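Note that the chains take the letters A, B and C in the order they are written out, and that residue 1 is the start of every chain.
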Amino acid sequence: MTTAEKNIVLHVADVNKSFGGLRALTEVNLKVEEGKVHAIIGPNGAGKSTLLNVCIGRIRPDNGHVLFNGQVLDEHEPHEINQLGVSRVFQTPEIFADLTLLDNVMIPAFAKRDGAFKFNAVRAVAAEKSVRDEAEYVLQDVGLYERRFDLAGALSRGDKRRLELGMCLIQKPKLLLLDEPTAGMARHDTNMTIDLLKRIKSRGMTKVIIEHDMHVVFSLADKISVLAQGKIIAEGLPDEVRGSPKVKEAYLGEAHQ
Amino acid sequence: MFSNLSSRDWTMFLIFSGVVLAAPVLFQPIGAAYPAILQKFCIFGLFAIGFNILFGLTGYLSFGHAAFLGVGSYAAVWSFKLFTMNVVPAVILAIIFAGFFAAVIGFISLRRSGIYFSIITLAFAQMSYNLAYSVLTPLTNGETGLQLSLNDPRVIDHMFIEPGAGLPRTNFFGIDVSGGGLSGFYFTAVLLIIGFYISMRIFRSPFGLQLKAIKSNQNRMRYTGYNTRPYLIAAFVISGVYAGLAGALMACTDPLAGAERMQWTASGEVVLMTILGGVGTLVGPVIGAAVIKYFENIFSSFNDNTLNQFYSFLPEPVREAFVTVSGLFVGEGWSLTLGVVFMLIVIFLPGGIMEGVRRIASLFKGGNKGDGNAAVSGHPQAAE
Amino acid sequence: MDALILQILNGLDKGGAYALIALGLTLVFGTLGVVNFAHGALFMLGAFCAVTFNKFLTLETVTLDPTQQTPWGTAMEIRTPVVEAYLGDFGAVLINYSVPVSVLLAIPVMLVIGIVMERGLIRHFYNRPHADQILVTFGLAIVIQEIIKHYFGANPIPQSAPAMFSGTAQVGMLFGLGDAIPYPWWRLVYLFFSLAVIGLVFAFLQFTTYGMVVRAGMRDRETVGLLGIDIGRRFTVVFGIAAVVAGVAGVMYTPVLPPDFHMGMDFLVLSFVVVVVGGMGSLGGAVAAGFLLGILQSFASMNEVKSIFPGIDQIIIYLVAVVILLTMPRGLMGRKGVMED
């Protein structure tokens, strides 16, 4: 393995996926470098979410593989993939709606500390001081500390996304997958989320982000891949992609008219 | 903060223990202070506490928990027959058997969720029930039920004492704990308190929190790195053990085990108790169990004569109408009352009695919701 | 060979009852999204429609006939059913055919019961969790069952099939197998009856616009609602139909199995297993699984089988259910996405 290869955290290799007659992904290749923010953009129905689902084991690819630090991901169960160090923020927030924010964040922390299963029924949650401190710190980070005793279901959509982000961050994943982290957010919330993502950018976590909002993409991404009709049609630094006529035609043109 | 349980929890635990231990005095005014009925409260309370650990925390609705109750009873009676009338080995044996049985059934049925899970557990319970009546007769004594006999080996007892003339009674190292006595009640009461304490610890532990999270969003749990199956199986086994313990205690009060204990109506009863008291709350299931057993006791003893007396202040024709209508609901008709209560609770008060108490309490507080309390485990359904 | 055919036939009539109950359950579940634990009670109510009708028909008038003397020297009591007294021979025919005639009576009664149930209770549970639906209908089932017990007692009340069908048919003759396969006529009637009802329901769903909407609703409830179709009224009708199907299944089953108050629950548990085995939300699956399990059950009760697997007849249905659910998560013909998490 060459040194260049070593820095590849996520490698999607020749992945194909069809749903019935519909080809969602065709020969998709993607290499994500360590510590970078890699954005995947593309028009609706391009296969972005499918790609992310393949990465976390929600969907098995028809052929091809997803490698995470050299390990084949697509044969693992979702919880194993998470335990390897991959966390994900979903397009519609997946949180524990009838638990408090604090509990929501502590649960992933337990998973990180204790692994996929530990019968931890002796000590009370309240006595888990270090986990609790950590959770409170993360909640401050995402700006929800004041509401830590509220039920998560009572949050606004934007706050739910931030909570979910916090739930991922507390696990200090090696790879963080973000599926439209700012969709449905007001401008103010979007900017707050961008700031937050910028802050964690410096923490050496690799991120793959799917986003519609070009403002978000260009303020965060180190590298951009453009997906259209299940194929990667362009890849490169933000400026290169911005200038590519092919991309303009497939996506930006449509978004900028 | 530094102790394992908050002071609020300790207060609740102490009040709970106090009420249970003082029950023979406290329940005097409502006419339920005699040991036989109190023991029933305790036994079904334990059953419901255990059921609640599965249903209340994980949301998995088992319709076959009576099977574990039955297994516990059979195991206990066999212990009485083969080894000793001391209840300790009986209880331990029942717990082991019920736990093992629950592990096997849980391992299989927890591969599915939702209604499929309910149906598989129901299927297992029905299989156990049918088998207990047919091919397993050598173990269960079929329709007659398993009971003590003078010819039982009782090897341990016979090493120490000469068998008496009549059937021996269950004992706890010499103290008679069979049904009807105060010592018998305290034996069950102490086990109830221990069972309650364990359930409280589970509720407050990371394990309990993880179970609640599974109920809330199992998908998220998986993508958060949890293998949810062992958690569910653990919860299932724990609740099965509680059911086995309850079954053993039934056998302790009356050393007889019949297959009807495994029938799905018995499974339905524990669901009802839990719901009535309040699913996912700590004390709710015990209250639900006690309320149902109390009213069962009162209502089923009513007949037209008692009703006539009850309505004696009414003029003749009105009284007759009242007696006829209420006659439907008492005596043999107790099940009808149960069904009606069941429906009313699910329709109007899905949170059960505890939810009702909370609503009334918040009325008095002027409607402001208490917050600043991390331990919201008591409000699983109140979440909007 | 003869024994095998006999067992298949024996399974078919029971399977017919399972299929009819399961059909209604699936219909209700597929369109309304409601898990109805009171469906067995509807089957039982149907059976008691037959009992009630028969009771009315056999109300008797007592006349004293002084020309005839009892051995004690009193006038002989002549008991004549009222119906016979007023309608003469036609009354006697009516009594003879009370079970099939009860079907006509049961249809409106069950329709009303179904509509009242849906409007009064089930409707309010469309958006509640499945656990709540199970619990409230379970409560309702207890209530119905206890009321029946109160009025009709706890003992089974035997009903007789019309005299014409009360003997056994030599089914073997039909297959050229000699006369070794005696099979009660009424069971044969029941089999054809259940096939006919199943056919009617499918025809209704397949060939009427009403049925088309219902089928569409089973596929995608929300979209159908969005199309501006008054889905609420259709739901009521669907529930009514399911109640009628369960009811007539109960009526016709009375000569096979004397009805008692808990027959509904007995059949419900089995029918749920049938539905789940067939695949939640699949009508064809429910029917197929109904017959399949009926036949399997009668095979399991053969002595040859029982001697190899003791007790198998007691658990076969549940065993099959467990195995099928574990190997085929959606049952035999279940669709993706129904009742999953």
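We adopt the following convention: a residue touches a chain if its C-beta (ideal position, glycine included) is under 8 Å from a C-beta of that chain, and two chains touch if they have at least 3 such contacts.
The structure displayed is predicted, hence computed values, not measured ones.
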| item | value |
| --- | --- |
| Centre-most chain [mean C-alpha coordinates] | B |
| Most distant chain from chain B by Cα centroid | A |
| Averaged-CA centre spacing for the pair chain C and chain A, given as whole angstrom | 53 |
| Distance from the mean Cα position of chain B to that of chain A, given in whole angstrom | 45 |
| Where chain B and chain C are represented by their mean Cα positions, the distance between them in whole Å | 34 |
| Multi-partner residues of chain B (at least 2 other chains) | 219 |
| Multi-partner residues of chain A (at least 2 other chains) | none |
| Where chain C touches two or more other chains, by residue | none |
| Residue numbers on chain B that touch chain C, as the complex places them | 59, 61, 108-109, 111-116, 118-120, 122-124, 126-127, 130-131, 133-136, 218-219, 264-265, 268, 271-272, 275, 328, 332-333, 335-336, 338-343, 346-347, 350 |
| Chain B-touching residues of chain C, taken from the complex the two chains share | 35, 121, 124, 128, 130-132, 134-136, 138-143, 145-147, 149-150, 265, 269, 272-273, 276, 280, 310-311, 314-315, 317-319, 321-322, 325-326, 329, 339-341 |
| Residue numbers on chain B that touch chain A, as the complex places them | 1-6, 201-202, 204-210, 212-213, 215-217, 219-228, 230-231, 234, 371-376, 379-381, 383-384 |
| Contact footprint of chain B on chain A as seen in their complex | 56, 77-79, 82-83, 87-88, 90, 94-100, 102-103, 106-108, 110-112, 114-117, 119-129, 149-151, 153-154, 167, 171 |
